[in-house]
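What follows is a set of structures for review.
Look at the two complexes coming up: chain A is in both, with chain B in one and chain C in the other.
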Partner chain A sequence: MLKVFLEFLKTLWPEFYKHRKNVHLDSFFTFTNYQYLWFMSIFVLALTALSPIGIATLIYYQLIETSVDSDLNHRTKQLTTAAKSAVTFFMEERLNALTFTVNENGYEQLEDNTRLSEILKNLKLGFGGVTDLSVLDAEGNQVAYAGPFNLEGKNYKNQSWFEQSIKKMNYISEVFTGYRDVPHIIIAVRSAKTDGSFFILRATLDTERLMQTLSSYKTGDYADIFLVNHEGVLQTPAMHYGAIFTPTNLIFPTDSDETEVREITIKGKSIISGHSFISRDLTSTPFVLMVLKEKAGMLKFWQDMSFKFNWIMGAIVIVIIIVITFASTFMVNKLYHADKAKAETMMQMEQSQQLASIGQLAAGVAHEINNPLAVINQTAGYMKDLFTYKDQARNDDELAEYIDSILDAVDRCGTITRQLLGFVRQFDVKIKKVNLQKLIFQVLSFHKKEAEYRRIHVTVSIPEPFPELETDSSKLQQVLVNLINNAFQAVQEGSCLDIIATQTNPDAIELVIHDTGCGIPEENLKKIHEPFFSTKKNGSGTGLGLSITYGLVKKLGGRISVQSTEGVGTSFTIILPIKINEGRTA
Partner chain B sequence: MKILLVDDEQKFINMLAKRLALRGIEAHVAYTGEDALKKAGDTVYDVAVLDIKMPGISGVQLKKELSPLHPNMQFIFVTGHGGIEKSEDGSSEKDIYLSKPLDIEFLIETIEDLTHTG
Partner chain C sequence: MKHIDILIIDDETKFADMLAKRIELRGCSTAVCYDGKSALGWVKENSDRVSLILLDLRLPDLYGTEVLIGIKKINPVIPVVILTGHGTEKDRKECESLGAYRFIHKPLNIDELMVIFEHIRETSAC
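Here is the complex of A and B:
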């Protein structure tokens, strides 16, 4: 399973990564560094595709943050102001009720405990939250009392609320526990007696009602609403600070009636804080209304959305990168293949141009040799004629023999140059009928002398009748030249070279060139058709012969295979179609 | 029978002329096309052996100029350029091409064939 997967990966791995350096071929490539090209392609495409997304996302986040921030501030301010109004109203209502009671009843009636109890009952009914009522004289003595606690006869002269109350027309205290040990607020109203002195009507409010009023404005888990005094001591319990009377570090710069919104940090949490001093027209209160909103909590909706948004963005980015990578790999691979094919073609063109120019050179040389050969021929011929026709040395057989050998040599040279010329001329010939036997003998004629010197036994076995091939004769000729040359180089003196042609089926022939030469080592067999592979030392071979041969056989629509045993010999087998398919020669 | 040999390769045709003379054939030599035209103006030749590649007037051109003057004159082309085959530049198919180096016996046979004296 793993193996299959690895094989699959291998096919994905771009071919330009497997490119091996080839000094001859590389010079024909348009691009040299495909890894770099590939990397740059991915990088530039990714940058172009992703940067707008990145910028848009950043702008989006900034807009969201700004709008959420201002929205949050605005809402906090609204809430603070609304809650402040409610608390102010709560205080004012009770203070006004008390003022009304004092004005309506006068000291004489209020002094009466029964009357006072009645009034307390009415106040409780009308407003609620009033725990008890008491009347105090200017000395701080409790004159009358109505309520659940029996505090009659107590003197409050030294209590701070009393001191404050006598200074002003009316007074609202902080929350405190006092004698009764229950948090409460005192509201006091001063009024004149008929004798010119004054008395005080005091009401105690339980904080329960106030807290209910406050909590009715509380919205959500992340918001808190509570009261503190001007020194920052809690007047009602608060989520972040704890129970009532806990001091806080909340400091308020100005004593302004306006609602102010700030951003503060509590225990590392970013919090939007709104505060407003609670005062009223008649008297000031020691209370500051606080609204705290945990920013993170309020932003939770946006954060959840951003989180989803980030996931989607991430997925899109990954998809884009994958697509870009695949597309780039595909394109660069195609480019590499095209470039490689171009380079190979150019290299082949260069080689064939070299071959063609060698052919032209050979033709010129042959032509130039023929003229002096003709002169030698005629001169030697004339010398012989002199002996033959003019009696000058009619019987000098030795001289005649020398001249004959000159003429013979000229003859042989002439044959060779004629063959060479005939051979070269075929370079331009395209597809035509080819007599394989003739072609083989033509090629072998170049090695006739070599075969004789080295006693190489050459046999050609072609059955009669043998079909004429319709093929590109120059390519076939080149194949034969290459293979026969190779065979001659491989064989020792006294070896055999057999060329056997057979018709294997109506459409194809098989040609075997077998030698009893040195053979090819097994490790080299796989490489012999690769360009520039050569075992010849000192650069005596280009390493192109067999690779060109393989290419040519392929162009002729055939196949070539090789069997070789080191030290025993080598057989090249070529299968060729009798009639070449012209489309394939292009 | 008179033969005109035209070739810029002087030694070649001199020798050839001498050898033909030994075999009873009268051969005159011309080293250029102009010389050949001049000689053909003076003498009537049965056969002209022309080198194809010559400086100035080429063998093929020379034949075109000689044929109207001597309608009965036969032509043999000699070339250092390959085997015996037809020329590609429009000369008539009857022309005979021999390649260098030249075998004198074969030349004489060809001449005799052309003049029907064989």
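Here is the complex of A and C:
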């Protein structure tokens, strides 16, 4: 199963990856390293396609971040200002109520505990958040008290809030615990007595109501609103800093009434911080209103969005890379095929040119050799004639034998020159209609006796009807003679020779000459079309047969190929056009 | 004047002489010319007493075909066998159209020549 899958994968693998090194063929390729070309194609295309996406994404992120930051700062500022107004109003409302009470009632009424209790009751009803009321004389003695704690007779002279209250007309304290051990704020109003001295009306505000007011402005889990004093000590509990009175490292660079927003880092978290001093000029308070917003939390929606966006971008990038890879593979493969076809054509052209130039050389050599050969032939012939026709040397058999060997050698040289000349002459084409079957049987008739004698089983398989070829009959005949001769020389006694012709398409036929002979060793397969290459022993072959055949087939507008396994057999396959195109022949 | 069986026209003197000797050994008379012009001159004078002309296609002064045309002008019935070391199919066709009797390649097999000669002699005798 795995093997089948691997085989399937191999078919998908591009052709250029399967390229087998062939030094001769490779020298004709335009591009040498297709794998590098493929890689570079993918790389350059991917870079070109993806960099605009990458740059656009970065710009998009930058813009979004800037606009989200700006929006967040703006909203923090708005919230801080709104909450500050609420707290300021909370303080002013109670301070004004106290001022009104002092002015309306005067010291005489206020030092009456019953009256003070009524006022406390009314204040609780009207504003809420007031825990108790007390009246203090200039010495800090508490002269009247209304409220839940038993604080009568206490002296506050040495307490800082009392000292502050004496100095100012009115006073709002920080949150502190005091005698009662509960966090509270003191609001004090100083007023003149009829005797010229002064007294102070003090109200205690519980922080609960204040915290409720602050909480009402809190939006979401990532925002926090609290109060600190000018030194940064918590006046209400804060999410990031803990309980009330915890000192923080918050510092405020400016001392203005304006709301300020900045970005700070708390425990590694990026936080947008807004602060505003609470009505410092109108009603001096020690409070700074703080709004903290965790940036990550506030950006969560946008981050979720960008996470989805990243997924989509990632998918797009993968699709682009896949498309680029497929397109590059397709293009490089096409290029490889075209280049290979070109290289093969150029190699064939080179072979043809080699053959042609060898042919010219051969013609010259043949011409020059033929005349001296004729002289040798006639001279040796004459010497032999002297034995035959004259008496003087009639009985010298040894000399006659030598002369015969000279004549044999001349015959062999004659064969070579004829073949060389035939090699040159193959460039002329004479077209006529040819019946391939007849031609094959005609050539085979020369070998009929030999086939019978050596028990070689010859079969000819040609389908009926078979098209008549319009080609050069004598050249085709020479091709057949050469190949069939070779086959007869290659086979042992009792072997087979099969000649199979088929029409492969409307314009071409295929002729296979297959023998079960000795086969051609792999190292010789590349050389068999080279002129003068021969493996026949004792110089019995000229080494021109197959190179001439190759040239002839090319001349007929065809192709010849050979498959051979040593010891098994050889198949020569010739593809020939049914109608030769003179202009196209090599 | 003596009858000449075969006139050999070939610029390769050694070849022509040796061939002549061999033919003579076989009982035939020969004459030899080494160039085209002298050959045509010889034929002009002896056209009625030669049986066969053996003509090389490549001669130093004239093309073999020119000599062939000349011979045929003098006497169209003399059989001319073309002997060539490198004749092409085109040459063969041309020579045949000009009236050559045969077209044979070097190296020459003398027995083949003698068969041709015998054939000519027999047909002319009839």
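Just so we're on the same page, the second predicted complex is superposed on the first by the 348 of 586 C-alpha atoms of A that agree within 3 Å, B and C clash if a C-alpha of one lies under 4 Å from a C-alpha of the other, contacts with A are read in each partner's own complex, and residues count from 1 in each chain.
In the analysis below, contacts are C-beta pairs under 8 Å (C-beta built on N, C-alpha and C of every residue); 3 or more make two chains touch, one makes a residue touch a chain.
Everything quoted here is computed from the prediction, not taken from an experiment.
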Checklist entry - Counting only touches as set out at the top, which of chain B and chain C does A:D26 meet: first, second, both, neither? => result neither
Checklist entry - In the superposed arrangement, which partner chain does A:E108 touch: chain B (first), chain C (second), both, or neither? => result neither
Checklist entry - Regarding the shared-chain residue A:L373, is it in contact with chain B (first), chain C (second), both, or neither? => result both
Next on the checklist: With both complexes overlaid on chain A, does A:E566 touch chain B (first), chain C (second), both or neither?
Outcome noted: neither
Item to check | Contacts of A:R418 with chain B and chain C, given as first, second, both or neither | outcome: both
Next on the checklist: Can you give me the overlap between the chain B contact set and the chain C contact set on chain A?
Outcome noted: 363, 366-367, 370-371, 373-375, 377-379, 381-382, 385, 389-390, 410-411, 413-414, 418, 421, 425
Item to check | chain C-facing residues of chain A, complex | outcome: 363, 366-367, 370-371, 373-375, 377-379, 381-382, 385-386, 388-390, 410-411, 413-414, 417-418, 421, 425, 428, 430, 474
Checklist entry - chain A touches which residues of chain C in the complex? => result 12, 14-15, 18-19, 21-22, 25-26, 85-86, 88-90, 105-108, 110
Checklist entry - What residues of chain A sit close enough to touch chain B in their complex? => result 363, 366-368, 370-371, 373-379, 381-382, 385, 389-390, 410-411, 413-414, 418, 421-422, 425
Item to check | Residue numbers on chain B that touch chain A, as the complex places them | outcome: 9, 11-12, 15-16, 18-19, 22, 80-83, 99-104
